[in-house]
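As C-alpha cells, the structure follows; a few thoughts come after it.
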C-alpha cells in the first residue's frame, strides 16, 4: 500500500501545490488592489475559491493518463478490490494537494489580511472541505475517462457539484468573521466528508468499470 | 491553414471555457456573499483572475499531447517554419479560449455587478491581455514538453510571468471605475501584445527544437 | 479438491463467445477449450477482434453472447486465488516517468504477491541490467516492452493473455518471450497470445482464427 | 542541373555518423551511401540506436560526430524542395480523437502539398474503406498503423524514414507496406527502414547493422 | 571566433574550470567569512541604533545585501543562460543553474527579514507594496526556473530550457517592477519610505557595503562549489573526473 501511494506521485512534488496556492492567492491583491479594508472581508471566500481551483487543476489526468498508457487495464485485472485502489488514490491526492493547502492557510490568510481569529476556522473548514472536493473530483475524473480528451470537461462536472462544499466552507469563515458560531456549517462539512469517504471510492470504481475496454 | 486551425481543437470545445469562466465567476458571489456593495468593487479584478485561470487550464497539454502521440515529430519534420506553426497554434488557442472569454465579458460583468460604464474597458483589456497570456502560456508549455508530467509545473512557470498583464488589465478596469483614464494601461497591454506576436512564436519554436527527439 | 496438480487441473473453456459494440458484431462466435500448460494463438487480420477477445477474457468487457469459464480443481497452485489473469496489452501499462524498478515495484504492490524472482533479477533476465533506474521515457521501444515482460514474468497468475508479445522485440527478445511462455506452461498455466503469424510457435499450440473484421 | 531524372539524381551519404547523449555514445560510427531508388534496412538489437539514427537523419537530433548529407541534381522531382523527409515513428503521430480522414487532411495542410491521391482513396488502398469517419480511438492497433501508412503514402518527400513499418500489421498489411515502399523507390525516392529481421526484404536492399547498445 | 567565446571555451572546459574553481574556493570562503565577520561586528555592535526604530534597524545589514544579491544573481543566471543558448557553452549552463537556488535563497531571506522588519516598523508582516510584491514575484520566477530544471531528466536540455525561461523572466522583471509600482500608486500614496540612500549615515553605510561584499564573495564561493559538484556528477564517466579523483584516493591511501 505504501508503494501504491508513492507510486502515484513523487514526494518532491508536494511543495509545488503549496507554491501554486500561494501564487494564485497573490493574484487577487494584484488584481483587486492592495487596500486591506477591501481585501480582508473577501479573504475567506477567496482562499476557498483558490483551494477549489488548485484541486481542480490536473484532476482531469488522474485516471485519463492511466487509461492512455494501459495502466488502468492493469489495475482492473489485478484482482484487487477496485474501490480500495481508488480510495488509496484519493488519499494520495489529498496528501499531495489538499494537505499543503490546509497547512498553508495561515500564510495565505496573513497575505490577504484575514483576521487571526478566523484562521482556525478557515483551517478546519479547508481540512474537511478539501477532502470532499478531492472525492468529488475523482468520481468525475473516472466518469470522464471514456470521453475524448477535453481539458475542461472534468472541471465542468466538478464545479457544480462542489458548490455546496464551497458555500458551507466559505460560510463558516464568514460567520466567524461577523461573530456568529460556525459549528453548523462545519458539522455539515464533516457529514459530507463522512459520506464521501465510504461512497466516493465505490462510485469511482463503478465509473471505471463502466468505461473499461 | 484552415485545417491547421481546425485540426487543433474542435469547435464544440469553444463552449467549454466559456462555461468554465461562468461557473468560476458564479463561485465568487457564493463564497463571498452576494452583497453588491462588496462585489462590485472587486468585479473587475475577479473577472481578470478568472480569465487567467481559464487560459491556464489545460495549457500543460498544448504541446505535451503532441509529443506523446508523435505528432510533434511530424510538425518538426514537415519542413514548414516551426514558428509559423506555433503562431497558428496560438491563434487557434486564442480563438477557442480567449475570444469566448472576451465575448462573455458583459455577461460575467452583470453576474458580478460590474457597472456598465466599465464593461467596454474590461472587454478591450481582456481582448488584448488574453492574447498576451496565451502567448506566454504557449512558450512555457513548449519549454515543459520534455518534463515529467506534473500538474503544477506549467502554471508555476506561467503565473509569475503573467503578473504585469494582470496588473495592467485589472488596473485599467479599476481606473475606469474610479473615473481615471485607462488609456495608459491599455496602451501598455497593446504594446505587450505587439511584442508577443512576433517574439512568442519564435521562442516557442526554439523551445520545441530544444526539446525534440 | 485433489491435492496433486495434474495437467488437467486448470481449464479455460470458451463457448460460442461473441462480442458486439452498438449491435455490430466485432468477433465470434468462437469456441475453444484449453487446459493447464496449453498455449493458444489467436490469429486474424487487423481489426478481426483479437484484442477485443483478450479484453473479454480478462473481464474488461462483458461478452454479448456465449460464455467462457476458468475452472480449477487444484489447491496447490501459486496464490492468489483463481481466476486472476495477467494481461499484456498493445500498451505496456507502464509509467514513462518512473524507472523500470519503480514500475515493477508498483506492480508487485498492486498484485500483493511476493514473487521468488526479485525485481532486478527479472530485469536482468530481460537483458535490462544497467537500465533499472532510468525513467522509461529514456528506453527504446523494445526495452520498454521488455520491462513489461519482466513485470509479467513475476506474475504467476494462472491465465496469461498476451497481445502480440513478440512485437518490437529483436531476435534475442523473441527467444526470451518464448522461454517465459514456456515457463508459464511448465507451471501449469495457460497462455493465450495474439499473433500475425510471423513467429514460429511450438508444436501443440492451439490455433484459433478470427474472421476478418466486418 | 540535368532535366531528365536518372537513378543517380538523388543521394543520401552518411559518413562516420555518431550520436551521444550526455557523453555516452548511443550508436556509431556508421557510414553508408544511398542513391535514388535504394532501400536501406537498419538492423540491431533493442536499444542499439535504430530509432535514434532515424531521428538524426530526420533532423530532430544533431549528430555528435560525423555528418550526413542529402543531395539532389534533378529538378523534375515532386515538390516540395529537398531535403524534406517523411518520418513514420514507433508512434503513429496521429490524433486519436480525430477520424482517419481528419488526420490525413491535417497532415496534408501541414505539408502544403496537393497529392494526386485523395484521402479516401489512400485509406481504401490501406484496406480502411468504411473506417474513414471513425475516431482513431475506435480502431485497432493495426488499423491505426494503416492510417499512418496512408498518410505516408501521400507524402512524396524524397527521403522516407520508417521505424519498424511492418509492426502490428497482418500479412495483407505487410504486403501493402512492401508495395508502398516499392512505389516510393519507383519514384526515385530513398527509403530507410528499421527492422528486427523477421520480414523478407527485396534483393538489393542495403543492410546496415548497428552494434548492440552499450 | 568571437574572443569572448574563445575565452569561455578555454577557461570553461570542465577540467580547467574544476581546477580553477577548486583553487579559488578556500580563498573565496575565507574572504567571505572575514568580510562577514567585520561587517556584522560593525553593523550589529558598533553602529548606532536608529533613533526612530531602535535596535530593529540592524536587520538592515542582512536585509539590504540579500536584496541586492537577489537581483544581482538573477541577472547572473540570465546572462549565463544567454551565453549558453547563443554560443552553446556548457560551463554557462552549469553556472546559471548552480546560481539559481542560491538566488532563490537570498530572495527568501530578503522576504523573511523584510517582513520581520515590517512588523515593528509598519505594524504588519506584509503589505502589497510595489517593492515587496515584485520581490515576491522574483521568488516565484526563481522557483519556476528551478522547478523546470528539475522536471527534465536530460541535464543539458534541462539547463537550456530553464535558461530560456529565465531569459523570458528577465524581460519581465523591469515590467513587473514598474507595473507594480504603477498599480500601487493608483490606490494609495507611495508606501512608507523610511530613508533614502543619501540620508544614510556613514557609520551605517560602510558596514552595509562590507556586508554587500561578504554576500557577493559568499555567493561566488557557493557557486564554485555547486558548479564543481554539478560537473562531477554530469561527467562521472569521463576520463578527467577519474583522473581528478584518482590521485586523491592514492594520496589518501598511504596516510
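Order of writing sets the chain letters: A, B, C, D and E. Residues in each chain are counted from 1.
Following the convention adopted for this analysis, contacts are C-beta pairs under 8 Å (C-beta built on N, C-alpha and C of every residue); 3 or more make two chains touch, one makes a residue touch a chain.
Keep in mind that this is a model prediction, so the values were computed, not measured.
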Please give the intersection of the contact partners of subunit A with those of subunit D.
B, C, E
If every chain is reduced to the average of its C-alpha atoms, which one ends up farthest from subunit C?
E
Chain centre separation (subunit B, subunit C; CA means) in Å
46
Per the C-alpha means, the centres of subunit A and subunit E lie apart by a whole-Å value of 36
What positions in subunit B touch 2 or more of the other chains?
68, 148-150, 153, 156, 159-160, 163, 167, 174
Touching two or more other chains - residues of subunit E
137, 140, 143, 147, 153-154, 180, 183, 186-187
Subunit D touches at least 2 other chains through residues 90, 96-97
Report the residues of subunit E in contact with subunit D in the complex, numbered from low to high.
154-156, 234-235, 237-238
Subunit D to subunit B touching residues, read off their complex
52, 55, 58-61, 80-81, 84-87, 89-98, 102, 105-112, 157
List of subunit D residues in touch with subunit C within their complex
44-47, 50-51, 90, 127, 131, 139-143, 145-146, 164, 167-174, 196-199, 213
Applying the document's contact rule, which stretches of subunit C touch subunit E when the two form their complex?
135, 137-138
Which positions of subunit B touch subunit D when the two form their complex?
1-4, 7, 10, 68-71, 73-80, 85, 212-213
